[in-house]
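So, here come the structures, one by one.
Shared chain: chain A. Partners: chain B in the first complex, chain C in the second.
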Partner chain A sequence: MKLLLHTLPSVPLETEVICPDKFIGNSLDAIGAMTVMHGNQACILTDFFTLTDDGLDTIKVEGDLSKVKLIGSEMTQGKIIINGSVGAHLGALMTGGEILVTGNAEDWVGREMSGGRIVIKGNAGHLVGSGVRGSDTGIQGGEIIIHGNAKNEVGNGMRRGLIVIGGNSGDFTGVNMKAGTIMVLGQLGQRPGASMVRGTIFSTQAAQLLPTFTYNTTYKPTFLKRYLIYLKKLGFTIDDAYLNGKYQSWSGDSLEMNKGEILLFSE
Partner chain B sequence: MLIKSTEIIDTFAEAFGMWGSRVIVTGETPKWAMAAARSMTGFATSVIGCKCEAGIEGLLTEDETLDGRPGVSILLFAGSAKGLANRLVERVGQCVMTCPTTACFNGLDVEETVNVGGKLRYFGDGYQSSKLLGDQRLWRIPVMEGEFFVDESFGIQKAVGGGNFLVLGEDLKITLVAVEAAVEAMQMQGVILPFPDGVVRSGSKPGSKYKALPASTNDAYCPSLRGRALHTELPEEVTCVLEIVIDGLDESVVKEAMRVGIMAAAREGIRQITAGNYGGNLGQYHLQLHELLRG
Partner chain C sequence: MSGSSKVIENAICTFCGCVCDDIELTVDSGGKHITQAKNACVLGKSWFLEHKVEDFPVALIDGKEASLEEAVYAAAEVLANAKFPTIYGLSDTTCEAQKQAVAIADYLNGNIDTTTSVCHGPTGMAFQGVGESTASLGEIKNRADFVMYWGGNPAEAHPRHFERYAVNPKSPWMPNGKEDRTIAMVDIRPTQSSLIADIFLQIKPGSDFELLWAMRALVKGRALDRTVEERTGISLDRLEALVQQMKDCQFGVLFFGMGLTMTRGRHFNVGALLQLVTDLNDFTHFVSMPTRGHGNVTGADNVVAWQTGYNFGVNFNRGYPRFNPGEFTTADVLGRGEADALCVIASDPGSNFSAKAIEHIKLIPVITLDPKPTVTSQHAKVAFTTATYGINVPGTVYRMDNVPLSLRPAFDSPFPSDEVVLRAIKERICELRGITPNHKPAAA
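Showing the complex of A and B:
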């Protein structure tokens, strides 16, 4: 199924219906008549998109989608390919399947997801893999792979899963993290791991940590090499120095249970 | 049937259903991976006395392991799924976790699994942590040198144990050369030869005159008992018999190992090659020598 944006929304367009689970078993006409919210106005999908049935199960979406929100929301299966950039809340609450974005993504990528995989080839906005404001739980499983940079609060409240940032991450990476793994191949922003309970934050660069983190040792964590090899298979370039190098291990946040860890490349 | 000048007896090896697993041990260097592998496969020649049978399946390069380090592939077999689970926990815990730099991964992608790392994690005394990568849950157990990284679950599958053949030679030297050639030829994926360097001299028959023993020396093949035993299977010229036992992940790979082993062992000075069985009443698998040699 192909969707081509023909009318640029003037305000955010909420398109939870662009999801394999919603399309399966429906005719082209029925899909085109599905409701989308343009601001506070109910519209139908064909008001904004031209639909073409190419006979494939994969949903391909094209156009300037930077104001198109909630694509792949609650997705459990299948694949969505977005050629270009996409709006906020991509793959919110998804539990399975895969979303690939060739461009950038706005805020809240994979908000509260618990399975599946989201791949962003470009940059992502704030709150990747986080919970909504007022919720203390972010991503509970699955993988979010950002090849570029991400802004603040990556993995806020994260409980399980893997978030990879190929470039730099913003401030408060892993804030309130409960468990899981955040890997930043570039530079961490300020105050990573603030209030983290458990889990792992990794970076290839040195970082200024909060005083509530305590230095453990510098060593070669076997598990990290396993992860870095996995990232190589996902298409990241991993320098041999990172694969075979030593990492500073820090424990924190001591204001919480002090069971979290931050690993920073050392030599 | 003759191969070269060696007579292949028209008989069968009686093999048994077992449960098998594949364990991948990695280390910072090949030396330490092998140290753990040797330890883990030690005292694992026969389920009769060791509760399991284990051996080294092969060496793995950095490109072939999950953590990019040199590794060793081990196969471990036991008579039941529960027994296999227990042996895995014991041996990974005592032989691999204890060995410097090692990590330990499941090497069988099958449906049925047993909990190994999930039990060993308690050694971490609350400092252990888990990682979930894809569908694979792993445990990080802090140790004095760093941490032990181990898969939570290991795949197990029905397997075949006790494939065998006996090499009947004119003297010790020629028989050793023959079995060494056979063992070298039998290095293949999916099988192990659990006895010392693949060869056993103390082949056994079931039962004993002593009630406590489930098995005793195979007197019919002991040259020194030719004149005393109630029955002998030895041709006059034979002075030495050595046996090779094969465990494999399925019947076909055991048969293939037997085939190449017999072909390699057959030579001048080896009078006969035969196989051990118990009349066909005990084992589920009857591996006919002539049939497997004909392919």
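Showing the complex of A and C:
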């Protein structure tokens, strides 16, 4: 199925219907008549998109989607490919399937997801894999792979899963983290791991940690090499020095259980 | 004093969040000018004595004079036709007007936000995430023996805060006033406020979170890296002594201002402070309170919260309230060019929002309600001149400690109140949309 944006939304467009689960078993006409919210106006999908049935299960979406929110929301299966950039809440609450974005994504990528995979070839906004405000639980499973940079609060409240940032991450990466793994191939922003309970945050660069983190040792973590090889397969450039190098291990946050781990490349 | 001049006792000053309720106003014999504002601070005196009823038109449509009814119709039409109408401001008006504004946002399935989002919005987020141990200013005045101000300068922003509530007042439990209290200040530079402090911590800019985190670790007896000294500018020994003093007090209070909420870390800074207060309650009684700026910004938080469940940045597009700072806060909505109509009540985003947001304000129809012309009203499709709350308009305002107070206005204004204008706009919107007020149909 192909969706081509023919009319630019003048205000935010909420399109949780763009999801394999919603499309399966429906005719082109029925899909085109699905409700989307253009601000406070209930519209139908064909008011904004031209639909073409190419006989494939994958949903391909094209156009300037920067004001289009909630694509792939609650997705459990299938694949969505977005050619270009996309608005906020991509793949919110998804439990399975895959979303690929060739451009950038706005805030809240993979909000509260618990399965599946989201790949962003460009940059992402704030709160990648986080919970909504007021919730203490973010991503509970699945993978979010950002090839570019991400802004603040990556993995806020993360409980399980993998988040990879190919570039730099913003402040408070892994804040309130309960478990899971965040890998930042560039620079961590300020105050990574604040209030983290367990889990692992990794970076190839040195970082200034909070005073409630304590240095343990410098070593070669066995598991890390396997993760980095996996990232290489996903298309990231991983220097051999990172594959075979040593890492500083820090424990924190001592204000919580002090069982979180931050690994920083050493030599 | 002239025989025909009028005195209003216990009038309320709505300039800042202290909302002092002991002002004695004298109104001249013409009944249009306040000649004395006894007990008011320098800011309050300016607020009252410089107020005059000016000869502005009651309303302008596209810059041309219009009747109130014409302007109400024009404003209602703009809002009713919008797909993403945004209502903003509200911190310098009465709770009664704020209530009408929330109703409009609800009937329009629009967006509503207050100036909280650009001052203590992070505090609201931290309250939601962490919670708040607090008290009334009356309780603090009577009982607090350890008073700390973090990231604020009350001597200049809330001049009577010391005198009325937290530093100087005497009480049965604090018979010697300031002598019975320890006053601590945390800021990045000395201020007029720090001059009265017994303890002043001059910290490195942007290190609030690290310092609060270190204090939490000391309170809880957890591992702490000594680099905290180098990063915050405060020695560990000094910090340990301070924390011990905080644990040893009988009743501590931690006031915090925008020096904490609007520096890097924002809601996490406030969350850290609120968590510190929670931690201290394992040892003694400790409370916290934001020192709010505008006269009724606390009222705006309360009204929006009791009508929607959230205190700012609320969206009704789907017919029910959704809260998401960053997504539904006005500075962000305008900055991303998302709103297609804007109604501003008692605020001036045109003079203090980002360049991108201001550019967008110039592109969309704007409605303003303000006693004076503003930068925003210069771009307005419809601009109302309204009466000033507290001086001309009665109603309810909330002090920074969430205590509601009834206003005692000094004299009438020829202009309608915000409440009157907003109520009329609301009723016209209901007519246009075929809604019976108070009976909103189910969302689409």
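Here, the second predicted complex is superposed on the first by the 267 of 267 C-alpha atoms of A that agree within 3 Å, B and C clash if a C-alpha of one lies under 4 Å from a C-alpha of the other, contacts with A are read in each partner's own complex, and residues count from 1 in each chain.
As a convention for this text, a contact is a pair of C-beta atoms (placed from the backbone, for glycine too) under 8 Å apart; a residue touches a chain by one contact, two chains touch by 3 or more.
Only a predicted model underlies this, so the values are computations on that prediction, with no experimental measurement involved.
S.K.: Kindly say whether there is room for both chain B and chain C on chain A in the superposition, answering fit or clash.
M.R.: Overlaying the two complexes on chain A (C-alpha atoms) leaves chain C and chain B fitting together cleanly.
S.K.: May I ask you to decide whether A:72 touches chain B, chain C, both, or neither, giving the answer as first, second, both or neither?
M.R.: A:72: touches no partner chain.
S.K.: Identify the partner contact of A:131: answer first if only chain B is touched, second if only chain C is, both if each is, neither if none is.
M.R.: The answer is neither, since A:131 touches no partner chain.
S.K.: Once the shared chain is lined up, is A:171 touching chain B (first), chain C (second), both, or neither of them?
M.R.: Only chain C is touched by A:171; chain B is not.
S.K.: Considering only the touch criterion stated at the top, classify A:222 as touching first (chain B), second (chain C), both, or neither.
M.R.: After superposition on chain A, A:222 lies in contact with chain B alone.
S.K.: Should A:155 be classified as contacting the first partner (chain B), the second (chain C), both, or neither?
M.R.: Touch status of A:155: no partner.
S.K.: After the superposition on A, what does A:230 contact: first (chain B), second (chain C), both or neither?
M.R.: In the superposition, A:230 contacts chain B only.
S.K.: Once the two complexes are aligned on chain A, which partner has more residues of chain A within touching range, chain B or chain C?
M.R.: Higher number of touched chain A residues: C.
S.K.: For the combined overlay, can you note the least CA distance between chain B and chain C, rounded to whole Å?
M.R.: 18
S.K.: Which residues would you name on chain A as touching chain B in one complex and chain C in the other?
M.R.: none
S.K.: Please name which positions on chain A make contact with chain C in the complex.
M.R.: Interface residues on chain A, with respect to chain C: 10-12, 14, 37-42, 67, 88, 107-108, 126, 132-134, 136, 171-172, 175, 190-191, 194, 208-214, 254-255, 258.
S.K.: Under the definition above, what is the set of chain A residues touching chain B in their complex?
M.R.: Residues of chain A touching chain B: 141, 160-162, 180-181, 198, 200, 219-223, 225-227, 229-230, 243, 259, 261.
S.K.: Which residues of chain B touch chain A in their complex?
M.R.: Counting only chain B, the residues touching chain A are 26, 28, 66-69, 101, 103, 129, 131-134, 138, 140, 146-147, 149.
S.K.: How about chain C: which of its residues touch chain A in the complex?
M.R.: 82-85, 108-110, 125, 128-129, 209-210, 213-214, 216-217, 220, 222-228, 231, 264-265, 268, 316-318, 323-327, 336, 338-340, 444
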